[in-house]
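By written order: A, B, C, D, E and F. Residues from 1 in each chain.
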């Protein structure tokens, strides 16, 4: 499905990586490793099409993602270092809007259930800016519960989460893989996921 | 032939290959600029009819003014074409050319405004009026300044080049407005003296050729300066590559 | 297929929009988008009353008179169809002269005289030595109505 | 289906931006307030002779509208950029230009429309006559959307650039100036009893031209800024 | 020792802010540019009759200075707030008011001083006479620091409030208006050949009053905003 | 040294904690635990004096920190969720300024050494905004190396750090405790520090 060909990424004077090749199929998880500054975030953003690679290409079902933007985006969920939620809106509103922006109309119960699953019961109506760091991250992660995409790109999804939330997220990822989804993630924490095929790419090398 | 051309084009679209070529071309264009400048100035001061009944001696300013005004618009168009190529086909060399052109374009724009204002004072009786020609030329200066400030405000050179390139492309609308403003509106500024077809003979041939040759001098000067600037730009943006490091190391 | 249709639609809408814009611009040039008004415009009451405006045209041959103070000038502005008398006190630009283009700023008084407080000279497009110009001027006389109004048409 | 979902997304984006603004009522009021303030400052700075005021009124009101539009540009994309919702917007399965258009429309509703609505008040305050006031509203109604559209390109280009808030004025001003000239010019000719068709045509052309060209350019600018 | 380190910290804060601004040359130039632009827009909007222009010149220049000062307020604390350096500033072992004063001084150096320096140019452009131009410089030199000082309180209070950039104008304007009136008034009386001592005294009083009162208030406002 | 008395913290409708009491002496580390949203960050900010408690007081050497601001601040280093570094300035400049603001004049070598220790060699002169998430965090942490304060308050200092950096920071904290320093920190990761006396407070309870 996803194929990365001879990818090269340059930031300023530094060439972060070069000649990177890998593929990812349905049901597979790619754990991207690397020291701080190795270029994990840059790679993920390139995979999303947010950054232009210096060289090489990213193919989705055999076609370059640059020529295929809408279709690719329909299959993709990206969670970056930033949460992508609006501080002035409540968790419910945030999720409602983010799903209707991708063209899905969700019932309020569905959203409430997702928030409940993420351990945010009782905080659904607060403007998210007053939430704690971990609670904000949970709101962002609730998008995964509500999306219908197959390909998740998660940049350090476990930061700021407490142990329960980490466990829950691991189960969620495992379920997604079992349902033939695809995941690429980075994390510095030790995390073990028991499902699908796990690949690793290390950028520090 | 088209094939061969495109090979050459691709070859020199690589900064590494363009750098030495530019180095070789600079002296030629500089030389041409000097020759044209000498001939042009000779024509303007000695061959062109020395006194026009109403324009007095200061009409000699025409030679600088017209050349600068032409160049200001011409350079902008070239710059935005480079920017477009750079943006769409992602060609670095093209981005660098656009970057290198801007300061010279701004200089000529400023020169056109300045000489125009100086000339306007004795001939029209004012330095400045807000007519369409003058206003749109001023806007051109702002566009150049905007281009350069945007570029210097963004750290990442590639992003800077792309962002300012986009600005250049959007601003190109202004060029036909400058050019045709004298036809479209009633302006205090005079209309076309020199039309591409020259059907109406409005300008004394000596003056006409003087203007053309000074413009050529400006053009050659621009090419020489821009090539020099683009060379430093190449060194700046390619400094992490081995060939530049070899080059710089070798010079030490 | 679908994507191509969509793109085509965008292009059509875009081109349509641009042509409407162009049509509007040209419509604007039909009417008097003016830096100055010609004497004909003024006689047709198109120029503002009780308000400053610019009057443009040629200084009629033989119409220029200086008052004794040496600063106040009377002259007539013409576009070869209509004329307007003008009074101005101040220093005239070098290029000012009979038969030359002029743009004056000021307003009409009740007698239909234009009281200018600023006079600018407008130069024409020709850069010829005087002798040649005279010759050409004579040849051209028949065809060219005026250098000023030629652009507004 | 796909068109339906684009429309749905378009509306959601609009609703979102309006909702965000409404969360802080101040947000809507302040652009308007700024406009009112700038215009009202003039009699204070210039002195209260009605004749002078009437003469400079169209210019002052238009300059104020332009400044108000320019000021509010800063917030057009930067909030979304900072909290990461902008990068999510780039990853939506819809044409980015359409999303941009939706945001710009919201921006105009919140910053341009109030100016149009309240301009008659200011016109009267500065002694404009009836015709001129009507022209003032029409020109603002045509001009402010163009300001928003053009401003969006500048806002997109200067995203994440420090001091962008003011840099953006440098970029958009060259394109704002003609709008100012024709806008104020139309009102002025109306105030002195002349027709303003030509001015209006040009403003209309600006508006439509901007509507066609800027969403694409803004989308490109955003992609560049997030690179 | 403690005084020495306070002075050292005071200077470091100043150096830091100037350095940050210098990192983007655009940053310094743009406030100035905005000022120049606003003033230059007027002839475009109002029409180029020198007589009218001369009449409204003091008002226009002062309004432009006020707007430029107001615009640059947005960035006074908000960058520091967003990246957490402001909370670090609150935890410094020095009087917060002094730190605030240092920041405000930097702000004036970067946004007020250039206006003072370039105002003669604009005065000439709008046809002011020599006396009026000198008065223009003096009033701006007295007035712009007061604007910065007062603006700081507003900027502190609206920190972290969405749309704060415009909200702040709402808060500070009531205090800005007197400065505008006396500033423009002084220039006007000079332009018409009258003395302007009274105006200048009042401006001076404003400046010194602000210098005494606002650092404390700003410090308090910052503590409240970060709670 | 530090004494917390009957502290209560209320945010909006939620009382986060109440009647909180503990003390901390030289050489002691307090590990603050709690689920997401338990109120850890709020407590730390209250201890810094950035937030006013709803009730109770925080005492430093027996005096309320509110009456003792400058002296208390001289002993304190706080590292919050935000890094508190300027994106436009390089790492060196950031550290130079932050130390001179607290009244210390450091030589450039000293700073370079600290940055080198934090694994930032080669990135010292880049504007910090282009650094990776973890590198930014490292710049912020380098302040600990350069400060002469006794009391560190660290809010999730380990986020975004890779394993090497985590190890290094743990050693740093241990050294600080050995040198009679005091540390309060929160973290959701499992972290073991072998020095000083380790106390725990759990806010979830």
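The rule we apply is simple: a contact is a pair of C-beta atoms (placed from the backbone, for glycine too) under 8 Å apart; a residue touches a chain by one contact, two chains touch by 3 or more.
Quick caveat: nothing in here was measured; it's all calculated off a predicted structure.
Following the contact convention of this document, B, D, F is the list of chains adjacent to both subunit A and subunit E. Greatest centre-to-centre distance from subunit A is found for C, with centres as Cα means. Two copies of one chain, subunit A and subunit F, touch each other, and the residues they use overlap strongly: the shared fraction of interface numbers exceeds half.
Central chain assignment: D. Criterion: smallest distance from chain C-alpha mean to the mean of all protein C-alpha atoms.
Ranked by distance of CA centroids from subunit F, the top chain is C. Set against one another, B-E and C-D show the most C-beta pairs in contact at C-D.
Inter-chain spacing, taken between the CA centroids of subunit C and subunit E, is 45 Å.
Distance between subunit A and subunit F, defined via averaged C-alpha coordinates, is recorded as 30 Å.
If you average the Cα atoms of subunit B and of subunit C, the two centres end up 31 Å apart.
Those residues of subunit B in touch with two or more other chains are numbered 129-130, 135, 149, 153, 155-156. Residue positions 29, 33, 118 of subunit C each touch two or more of the other chains.
For subunit D, the set of residues that touch two or more other chains comprises 20, 23-24, 95, 161-163, 167, 170, 173, 177, 181, 209, 213, 227.
Contact residues of subunit D toward subunit B in the complex are 153, 157-158, 161-164, 167, 170-171, 173-175, 177-178, 181, 209, 213-214, 217, 220-221, 224-225, 227.
Taken in their complex, subunit A has these residues touching subunit F: 11-12, 34-41, 81, 119, 123, 126, 130-135, 137-138, 156, 159-166, 188-189.
Within the complex formed with subunit E, the residues of subunit D that make contact are 20-21, 23-24, 26-27, 30-31, 33-34, 37-38, 41-42, 44-47, 52, 55-56, 58-60, 62-63, 66-67, 71-72, 74-75, 79, 82, 161-163, 165-167, 169-170, 173, 177, 180-181, 184, 188. Subunit D meets subunit A in the complex at residues 5-6, 8-9, 12-13, 15-16, 19-20, 23-24, 83-85, 87-95, 226-227.
Listed in rising order, the residues of subunit B touching subunit D in the complex are 87, 130, 135, 139-140, 142-143, 145-146, 149-150, 153-154, 156, 158-159, 162-164, 166-167, 169-171, 173-174.
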